[in-house]
Amino acid sequence: MAADGAWREFSIRTRQRSELVELTDQVNHLLADAGIRQGVCQLSVLHTTAALLVNEAEPGLIEDLLRTLDRLIPADPAYAHPDGNGHAHMKAALLGSSKTLSIRDGRLLLGTWQSLFLVEFDGPRERQLVLQLLSA
Amino acid sequence: MAADGAWREFSIRTRQRSELVELTDQVNHLLADAGIRQGVCQLSVLHTTAALLVNEAEPGLIEDLLRTLDRLIPADPAYAHPDGNGHAHMKAALLGSSKTLSIRDGRLLLGTWQSLFLVEFDGPRERQLVLQLLSA
Amino acid sequence: MAADGAWREFSIRTRQRSELVELTDQVNHLLADAGIRQGVCQLSVLHTTAALLVNEAEPGLIEDLLRTLDRLIPADPAYAHPDGNGHAHMKAALLGSSKTLSIRDGRLLLGTWQSLFLVEFDGPRERQLVLQLLSA
């Protein structure tokens, strides 16, 4: 992990073709290490077949979400994209590869049931993330 | 409403199962009260079955949008999520629970036809929102 | 193009009904002109039938993405929205009209395969964009 001023780089090793990996605790630890109490966290995943998402960490819901996205954007051999992972790109594009979150009292500002996830659509892979910390 | 430095908390009482509630004027009033002229507005809804959206405040379009999302992600008794509101979580996840907007000349930077909405997918409920104001 | 402090305004002339226009180089040139090395780029498109997207600049994928969105949200004469472009509004609402990106070493922080696009859903049109630059 690089720690150059406002920047924190880290990687996540995904294990499945499609999965959600919870990042909330890891990001909160990085905020605590940096000593930032109030500001903004700008998180970016540097890939085109992975995304970031905030919702509830309930296993049934995670299963529903991945299945629903598979139903809406199936792995279709007729896509024009040549790498066979066009569906993964499109799902990632819909959810987005960056997330801006408030930092309050040294932690991500999230509701009781909200968790921050990396969403893998073309794993298993090593995914690079960059966290930018902005004090306010 | 709490007014602690850069933070403004407010709640919205929704009235329908699914609806859009326009927030533009309310947020602009909060910016005016805070005296912020230029900067960034980071708005978060602290729930997993509600979202934020920017588009046109035309009643037909709002009806189309809610119906289209119902068609794409129906309330399906076969979801694995146990609370019966899996569709509401998934719709909210697609749209996102936070929004970053520029503040210019004391107001949200929006085009002529753009409005900011809270999107309720599992109402009627009291929804908590947090606005973080960053001067620039 | 206006250059008033932190603000840069520019317009993009789209050529098709639906298309992706790559913005990465143009935005990076604006960052270089402004001399900003590290901070945040807040980009807004001031319209309700266009959006911003980060993904790969591969022509097959772009074709797949526009076709998939057409399949999910077809141009349907039964929409309640009166202007005949309800599908364009809904697609734009799903993708979002603003994007927050980190600026690192004088450029947008993007992965090797990531490009920033304006997405047109109701062209050909002249589209207004506003870039807010925040040093950090």
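To keep things simple, chains are lettered A, B and C as they appear, and every chain counts its residues starting from 1.
Basically, a contact is a pair of C-beta atoms (placed from the backbone, for glycine too) under 8 Å apart; a residue touches a chain by one contact, two chains touch by 3 or more.
Worth saying up front: this structure is predicted, and the values here are computed from it rather than measured.
A.B. asks: Once the Cα atoms of chain B and chain C are superposed, what angle does the rotation have, between 0 and 180 degrees and to the nearest 5?
C.D. replies: 120
A.B. asks: Given that chain A and chain C are copies and touch, would you call their interface same or different according to whether over half of its residue numbers are shared?
C.D. replies: Both copies, chain A as well as chain C, present different residues to each other, with under half of the numbers appearing on both sides.
A.B. asks: Can you check how far apart chain A and chain C are, centre to centre, with Cα atoms defining each centre and the answer in Å?
C.D. replies: Chain A and chain C have C-alpha centres separated by 21 Å.
A.B. asks: Of all the residues in chain A, which ones touch at least 2 other chains?
C.D. replies: Residue numbers touching two or more other chains: 40, 72, 94, 96, 100.
A.B. asks: Along chain B, where are the residues that touch chain A in the complex?
C.D. replies: Of all residues in chain B, those touching chain A are 5-7, 40, 42, 44-48, 72-73, 79-82, 86, 89-90, 92-94, 96-98, 100, 128, 130, 132, 134.
A.B. asks: How about chain A: which of its residues touch chain B in the complex?
C.D. replies: Result: residues 38, 40, 53-56, 58-61, 63-65, 68, 72, 94-96, 99-102, 104, 109-114, 136 of chain A touch chain B.
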